[in-house]
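All remarks here apply to the structure that follows.
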Amino acid sequence: MVFAGLGFELAAGGAMVLRGPNGSGKTTLLRLMAGLARPVAGRLLWSNAPVEDPEALARRLRFIGHQDAIKTAFTVRENLAFWAAFWGTGEPALIDRAMDTFGLAALADFPARLLSAGQRHRLALARLIASPVPLWLLDEPANALDDRSTGALTNTIAEHRARGGMVVLASHGADLVTGGTTLALDNFTPTAAQQWVEL
Amino acid sequence: MVFAGLGFELAAGGAMVLRGPNGSGKTTLLRLMAGLARPVAGRLLWSNAPVEDPEALARRLRFIGHQDAIKTAFTVRENLAFWAAFWGTGEPALIDRAMDTFGLAALADFPARLLSAGQRHRLALARLIASPVPLWLLDEPANALDDRSTGALTNTIAEHRARGGMVVLASHGADLVTGGTTLALDNFTPTAAQQWVEL
Amino acid sequence: MSAFSALLSRDLRLALRQSADSLTVIAFFAIATVLFPFGVGPEAEVLSRIAAGVVWVAALLAALLSLDRVFVVDFEDGTLDQLILNGQSTVLVVLAKVLAHWLTTGVPLIIMSPVLAVTLQLPSEGYGVLVLALLLGTPTVSLIGALGAALVLGARRGGVLLSLLVLPLYIPVLIFGTAAIEATITGMPSQPMLSILAGLALIAAALCPFATAAALRQAAE
Amino acid sequence: MSAFSALLSRDLRLALRQSADSLTVIAFFAIATVLFPFGVGPEAEVLSRIAAGVVWVAALLAALLSLDRVFVVDFEDGTLDQLILNGQSTVLVVLAKVLAHWLTTGVPLIIMSPVLAVTLQLPSEGYGVLVLALLLGTPTVSLIGALGAALVLGARRGGVLLSLLVLPLYIPVLIFGTAAIEATITGMPSQPMLSILAGLALIAAALCPFATAAALRQAAE
Amino acid sequence: MHKFANPTQFMRIANAIYPWIAGLCLILFAAAIPIALVFSPPDYQQGETVRIMYIHVSSAWLMMMIYGIIAANSAMFLIWRHPMANLAARASAPMGATFCALALVTGMLWGQPMWGTFWVWDARLTSTLILFFLYIGYIALSDAFEDSERGDKAAAILALVGSINVPIIHYSVEWWNTLHQPSIMKASSEGIDSSVHPSLLLPLFLMMGAFTMFYFALLVLRLRSELLAAKIRNARLSQIAGHAAAQPAE
Amino acid sequence: MAFDSFAAFIDMGGYAAWVWTSYGLAALALGGILILTRRTLKAREREFETLKANRRGTP
């Protein structure tokens, strides 16, 4: 499954929203950009040069997908602390900020097993704050969130961009960003054409 | 985790929307109504009588939750056909109608493993048509759906109610029903009080 | 009844779809058996002395490995919730799954066993009774194993815990299964042991499905 | 390096959180070993003849069962994607997971093995070399097993398929592991076999992590 | 029945009788140990090794009785959901496993001088070993889950299924002819020609009584402990659940 | 009194090893589980007290 001739630019502070019906390739494109999938043909360009070192790319981005990557035996705080330590960016204070932002502070010492669907997803999103990087790749981040959490997410994205961060997100519902570009993916065509992504 | 003094009525053709922030107990209440969880204290009433025979109750309801219950090795059609045969309601023609309604006809012989998040969820919802029952319990049914599928779902629910069916659904976003009652679950209280649900 | 046959045929088709599946159980059985000559040395009299025991132990371990996933997949993708809400009885679900497990693993093991017995130099009188004993013993293995698999649903390290629960309960099957073969080889009647194996299967068939159904329902809760 | 130690300590804490965890591996080891006298009969000379082989086979099977889930859980809940996106190297992830596996299962098995050797009536000269051989052999088992576990990620019935891929690779370990013990018992030097075991461990350590990392990246795609 | 299902009521009664059980346990031990070790005569066949019997048979009796108690409590827990029944079963299991291990070890220590081997694979020994594995399985299963309630219920089902092993242990000496001694109770009611002489029965019954009282006394302590653990857990949860509906700051 | 001397008592008719190990292990097992039980009970009592104190501390 390949994207036919696809290209876009994203400046510092920029945002892009991927839109399109189910199965139009939003998730696939995001995983491609994260380096989790490799293009069948064509190349992935970053600042107009092919990505030589996928590890260096991975250090600069954070991908939050349909799966939450949460260990249910750990508490909310332990989950966040592990990822912050594992990725090695961020400091302890950020973990508390992350939990505050997404309304998880009261649940900090709660085992993640007991969380509801929306709370779990908030915990996944909280990693964006606990372990900061410039580029965020978010796959339907507002899924299962209640209105207040969606608001918190919108604010978080705005602040991130204000600090020069970049966001690419897939979404069906309300816009989570203001003034970003929108990429409509209806013409995702399953043909073997050249494909490139430029960031 | 218990609902403090909770009661509501649902007539034939009725609909109820459960609303409330993340963690307010919507999923828990739906599973309780389905008979998948048992109340810690209190009783589940149906037509004002306690549910004596959970099997008979189960024959009359369909629960579609956060998990899709899809076998990825089977095709879309095989998945639907299995559940229709297993539950023993519905006829072969309904399987095609179900796939048409949720835009899966073109994918009928596609292995479910290749479906996108939204397509998978549509396949789960298609069971409502392929194997009809009077009471639908839907947990955030619009999750991951694109606009067209959300429209199809809204129509499907309306038709079901027009035929006298009942729907209870949990939702954060747009209303999927017209003229139903809404149950706000903010006051989900984790206390050991009596709890009953009347349908 | 339609629920039973729908589920049974689904499980069989799922097993066939990955045609490698039944093959892998047999292959494990074969490899585990073949490991012994490596561990014990190739002397014929030692091997033929332990042949019946080794075949039985390998068959039990092979069945165990495949049991591990009898319910887990359905549990994790939400299918189990829907199976329980079948409007009839969870026992039906259990019976269909156990039968499917036996057909896809027990039967291939039985067919394969004489071949492996040859490599372990089992005396030739033993083959018939080996097959018969496995035929009477493997249903018990599937029934008890399904109970164990249902009990450990959702537990961490489920596979190891399952073995811990189930292997001790297999001991009687193992004892009488090998005793039947030993008896035949040494010229004694094997009939008493075989009837005990049949009795064990009946007891397991009477008790296990209900307990398994209860375990499944509380796993879904 | 911080990623390595973070992951290692996470896996160890996950294992410790359920204090029963390491215990269950030991228990499986014990039960699988104890099954043999049932199958083979209680005669002391037969048992002591096959003791070394049985302890090794049981240890391999115990390690195998616990390997089954080394990566599966992380794969299914999306953790694996995030582990691969660590900005350094997937080999790091593999090393941390293998080390955690060895510490939580290999080490308990080694500690337990002399006790089980007693019940199988292993001659007393064999204990020291049994422990030593396991010490040199179990790292190889964890390394090869992790490769197998990564290869079958996403396959249904992963456990059985895994055993299939991995068991043949264990045969050299099994052969030299038991040969070392046999040698000591019969008064020969065991040192050559032990050095081969050490050599196997080095080869496995040099090759497996890279192959495992490649398999993991493949599985995530 | 309902009175005992209420933890506070139950513990009030249990705590009230605790000193009596503990005292009785001490008295019985004080009588049993000297009689068993010093004052009772050696057996005419088994000599001084018969003194092992007092420990062996008492432990064997306890391990079976405790399993019965666990199975009964598991049934009550599954059917009526009495939380106290669950706690009693959970609290008993480690003690049952201990007594079972003791019966096995003392049996082996008796077997070596009597039968010339530590172990034979006969029906009673095998079924006792299975009981030991059932205890271990019960304990492992009951804390293998992140959700402790899941563990409780799964273990309760296991306990019920495993309970068919208890009669098998008891009758195994009659159903299969084995090396192991036949039942004492039967032998002594027929009176004569028993391998167990009446003068050996006194220390045996004293020791059995002492072990039984020891179990019940410890059960009270362990129940107290389990209840405290539950209270601590609840306090922790409600502390958090107080803010469970807490929302993100905007 | 079944023994003539203290030495005979220790010797147990030649079965000292079996008899005394049995009694020793029994003492160890019963004593061990008693101590373990009491220790966890004490620990939980302490924890519960601190928890209650904390709750009173925070309004």
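We call the chains A, B, C, D, E and F, going by the order they appear; numbering starts again at 1 in every chain.
Everything below uses one rule, namely that contacts are C-beta pairs under 8 Å (C-beta built on N, C-alpha and C of every residue); 3 or more make two chains touch, one makes a residue touch a chain.
Values in this document were obtained by computation on a predicted structure and should not be read as measured data.
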Apart from chain E, which chains are still tied to one another through touching, counting links that pass through other chains?
A, B, C, D | F
Can we say the copies chain C and chain D touch using the same residue numbers, with more than half in common, or are the two sides different?
same
What's the rotation angle, in degrees and to the nearest 5, for a C-alpha fit of chain A onto chain B?
180
Considering B-C alongside D-E, which chain pair is linked by more C-beta pairs in contact?
B-C
Inter-chain centre distance, chain B versus chain E - centres from mean C-alpha coordinates, in Å:
47
Using mean CA coordinates as chain centres, what's the chain A-chain B distance in Å?
29
Centre distance in Å when chain A and chain C are each reduced to the mean of their C-alpha atoms:
46
Report the inter-centroid distance (CA atoms only) between chain C and chain D in whole Å.
24
Could you pull out the residues of chain A that touch at least 2 other chains?
66, 73, 122, 148-149
Chain C, residues touching no fewer than two other chains
14, 18, 156-158, 161, 164, 167-168, 171, 175, 221
Any chance you could list the residues of chain F touching two or more other chains?
none
Given the complex, residues on chain C that touch chain B span 2-3, 6-7, 10, 13-14, 17-18, 77-79, 81-89, 220-221
Spell out the residues on chain A that touch chain E in their complex, using ranges where they run on.
72-73, 100-103, 105-107, 109-111, 113, 122, 148-149, 151-152, 155
Please give the residue numbers of chain C that touch chain E in the complex, ascending.
147, 151-152, 154-158, 161, 164-165, 167-169, 171-172, 175, 203, 207-208, 211, 214-215, 218-219, 221
For chain B, which residues count as touching chain A in their complex?
20-24, 26-27, 66, 115-119, 122, 140, 143-149, 172-173
Residue numbers on chain E that touch chain D, as the complex places them
119-121, 126, 129, 133, 136, 139-140, 143-144
